[in-house]
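Look for chain A in each of the two complexes below; its partner is chain B in the first and chain C in the second.
Then we have the complex of A and B:
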């Protein structure tokens, strides 16, 4: 790791400072670091003036570091040595048409032709519109049966294909294939006029609007040296927490609904609405669209609105606690949640789980604490009492985070000063030939955006990495040797993003 | 016969109302307004007005089920004594016919589901077949007991006449065990919580709902009608046991019968609100519990039956 450059979350640096390594060194360093509790924050390729480069950002403890290397035509796969690289490597292969040799499970991630017009490494011609026309892992035997679910589902959820290999009701293997919502976000963003960027970024994943726009805004602020007024930082932090509260509360209700336990499902469904309404007060939109902009926020709540927010939080807190008591103390619910879909700590570490799922398995990584941005430096960390990695733990971690976020939001509300702020200036410019990576912790887990600018200060490469990119593997592993009828419950307990993954 | 035919026809008209009572109770207990009480009538009219969609991979088997299923359950209802009145039809040994008619209905539902070749429906049928075999054991244990108590082989003999089985009999305490056992069978056979969740949209967890996932329009309406008849049959079976003896004026008896019927539907709604679904491997244990209840009731009443 000595040859990687230590970097800081949300601090732009000139690209020439990034070390360019020889591929063997690059590979060895990545493998050594990930084998010793290092995790991948970003690993992607970009192309400039006909030369393609690989760039990796690694986190280890409280440190971030980055390095790059010239992109080889083919290279010995890193996944063969460490599973954390699986999707990253497949994504690079899909976007740039290069081949990781001896990759143990080499398939497209999203099903599109590569960006360089290179010969396709997967042997697909992309004439038909349906991703998933390739072989799935198969278990064979007389009593083995295969169940294919999706991409069209019975409920109003996003499209994804799930292929189960079952022995009776028991799942031996689950393979998850996404890509049905691929919109080409990463290719689109560099081509847009800057004024449109905040709006498009908000649409990367609708349930993580604040998270994505925060990552984007911090990256731009760093690249264009914009100063963010302190009240704006407070408002952005509160918005991120309200987004977390709405989603976590909704998730607990949905988990309860999945085991057909109606009262918490009904109450939490309503309480989720309360938090969305608070986001309307704060942002003017239920999902917080139009609030976070590079350089600050578009709205500062009036003292009346601050009082309203505070009263509402005071009002819903006891309701949330009472319903949680009902949910977690019902024996029939415990019987469903306990021991269901366990991912033990070693597995979680091996695949690099982040966010709620990671913490439920005993990993203590929370980007708010490890790489604090906005007002998170003053946050007291959340404590977790259930770390056994099952559905129960994932539900309980959410509940603890809800209580923690309520306190955090309440504290921060007290620090909003009176008075209006100037509307953030939308006419920013980006520093040329620079690099920045931003890491935040929206409700699902570590979200990271990475921006590279070219010599003219245009965006050369915009990379988005949703926490789901790590965690879908966790869901597949959680299902091993579980009942297939418990899949929806497990899926809900992870509640991962399809559009954030597909981009 | 003269009074039972109007009762039978009246029941048919009430079926959707009774089925609509359960979601209302559930909604009430979760603090919601819930759908209107007449929702199932609207559903029926809506479905009947629609067209049906058939997959090209299905055959006549798929289309047979919606005809056979309601026919089977309506026939069974003809043999069922309502409010202690003699049923429309009756002959010695009709109980065997009735429960095998149910099996016939299930056979056709299962075949129709398998006919679609959908993996979900395959899983649903396997669960349905397994669980209903288990609940059949309870049913036949109860029938065995009732035959001994009433020395009769017909439903009419069980619930009408001087030896009618209800809570006024000396072995009423043990009959409560049968009530619990038959209520568990009711929940199992009618895909209610905690065995199945009729409200879920999750194909992988469904049992009964997944089997009729491919039926649409009037076909679905007929299957729904069949399901309401089946639920009504089991509810009446339990309600008849709960009657406090042969109350003399027929009007009062009908009121008492309706009261216990409403109670049973309400209790289904309450059960669905206070408990979560069981994990799938727990369901057989739950059903076999009902067998244990019925078995003990049978053993312990041998003394009276003699």
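Then we have the complex of A and C:
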């Protein structure tokens, strides 16, 4: 990796500092690093004045590094040697019409024509607008049957297609085809006037509004040397924790509902609402929209509102604990959670799981601790006591994070000084020919945005990577040899984003 | 069992008395905006210029609530002198034109289609179609099923099969990749059927307007009920459903 440039989370650098390697070196370095505990944070292509380039950002321990290389027309697939590259490589192929040779499982990611008008590498014509129309992997055999679910699911859920190969009730293989939510975010962003960017970014995944806004704001702040006042940092950190609390609490309720244990589902459903209402106090919107902007936040809570937030957290903490006791001690819940949908540590590592799912399988990576932004330098890490990689662990990790997050939010609330701030000036400019990557840990796991600017300071490339981009593979693997009736439970235990993935 | 009872006692009864009793949202909430029609034209022009959604017509002093994402920027810029958000969550309208808002909204109950009231007023089954968007609209629709809102006490349900539904409830800007699925779902609903568009995305493309990967909903289906917001508050949705079908 010595030919990769060490970089810092959220620190813009001139693009010319990024090393440009020959493809074979680029490939070898990536493979060597990912084989030795390195993980891909970003791996994508961009085009400028007709020249296309590949760029990779790798994390290893506490270090980030980046390098690029000229984009070849075709290249020996990296996925063939390391599975972590699978979706990244297919995404590059889909966006730029290039071919990773000998890719073990080459198929579209989001189902759209490539951006360069190059001949399609998947053999699709995109006349039919159905991402799910393609030859799924099939298990053959007399008693094998296939179950197809989606895109429109039974409940109020985002669309996606799931194809199960089953032997009786047992799932031998699950294939997940997404792309139904693809609204062209990455292509749209560089074409827009800057004033629209915060709104589009908040719309990448509504349940991660704060997470995405933070990644965006930090990138812009670094590219335009905006100073963020300390109270704004505190508010942003609290907002990210409230988002986590709302989602984790909601997930525990939904998991309980999926095993037909209704009381915790009802209680946690309501408690989730309490946190959304606290986001209203901070942001004026239940998902925190309109709060985080480059340069800070649009509003610092008044002392009365700070008191309201603290009182509410005090009030709900014992309730959350009591309901958790009810949930985790119920035999009917234990019987369904225990040992269900296990992804062992080796598998988690091999596919590069992040976030809750990664930690539940024993991968102790939390971007808040490894690449701290905002006020996370002061955070004492969360401890995890269940790492067996199944539904139980994924639920328990959430519970531990809820408790940790409540403490964190409470501590931070005590540090908000009185007095309002001027609201951030929306007319910022970006440094030309620069590069920045931002990494944060919203509730699902590692989220990263990457911005490249051109000679005029316009956005040349805006890349978003949702944690779900790593973790959907984890869900597919968790289902192997499970009962098909356990799919909803497993799905909920990962609770991945469709829109964040589909962009 | 003991734990169950203890928790139940602690948690208590939480269903809201809405609509029998009014609900007050936190003063920070951005619901229906108030427009100062006598505002300095320069301030209005500045807001229109800065609005990320190009939702403001400065001359007519008008906001397109179909486009607006309630981001609050115009309120901040004008320091409340042009636009000021209230906590009023009642925002649903029955015609696209009524979204062009100059300070008051027509009575939704009076504008809804009378035959829908007759048919679905006592029992309404809806098939939700999530078509793009950010999933916040879906989340705040789903919330209506929690004990606090308890949608089913009004005879309204979200159902799994379009065959069991009286209409579709659409969220999101409709990605090209969801067009067929949406139309198929609509086809499968027996007539007469109602179409409800929920959220800025479904109303106008929302944040994603202009992307060539989306197909505007109004070019695909005849919308009967428009619910503005990004996302609309669960109470906005509930209020619109109750007024439109039961008002």
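Rule of thumb we're sticking to: the second predicted complex is superposed on the first by the 503 of 503 C-alpha atoms of A that agree within 3 Å, B and C clash if a C-alpha of one lies under 4 Å from a C-alpha of the other, contacts with A are read in each partner's own complex, and residues count from 1 in each chain.
Here is the rule we go by: contacts are C-beta pairs under 8 Å (C-beta built on N, C-alpha and C of every residue); 3 or more make two chains touch, one makes a residue touch a chain.
Values in this document were obtained by computation on a predicted structure and should not be read as measured data.
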item	value
Clash or fit (per the criteria above) of chain B with chain C on chain A	fit
Touching partner for A:169 - first (chain B), second (chain C), both, neither	first
First (chain B), second (chain C), both or neither touched by A:258	first
Touched chain A residues, chain B compared with chain C	C
Partner chain(s) touched by A:190 [first = chain B, second = chain C, both, neither]	neither
Touching partner for A:267 - first (chain B), second (chain C), both, neither	both
Contacts of A:204 with chain B and chain C, given as first, second, both or neither	second
Partner chain(s) touched by A:432 [first = chain B, second = chain C, both, neither]	neither
Chain A as apex of chain B and chain C, Cα-centre angle in degrees (nearest 10)	60
First, second, both or neither for A:147, with chain B first and chain C second	first
Which superposed partner A:19 touches (first chain B, second chain C, both, neither)	neither
Chain B versus chain C as contact partner of A:76, first or second or both or neither	neither
Smallest distance from any CA atom of chain C to any CA atom of chain B, in Å, after fitting	5
Residues of chain A at both interfaces, chain B in one complex, chain C in the other	154-155, 263, 266-267
Interfacial residue positions of chain B with respect to chain A in the complex	26, 29-32, 119-120, 122-123, 193-194, 197, 199-205, 213, 272-273, 275-282
Interface residues, chain A side, partner chain C - complex	110-112, 128-131, 151-152, 154-159, 179-185, 187-188, 191-192, 195-196, 198-200, 202-207, 209, 263, 266-267, 269-270, 273, 277, 280-287, 289-290, 298-299, 305, 319, 322-323, 325-326, 329, 423, 426, 497-499, 502
Chain B partner contacts - residues on chain A that touch it in the complex	145-149, 153-155, 169, 256, 258-263, 265-267, 330, 332-333, 335-336, 340, 483-489
Complex contacts: residues of chain C adjacent to chain A	3-4, 6-8, 10-11, 14, 25-26, 28-30, 50-53, 69-73, 76, 85, 127-143, 146-148, 158, 160, 172-173, 175-181, 185, 201, 206-208, 210-214, 230-231, 233
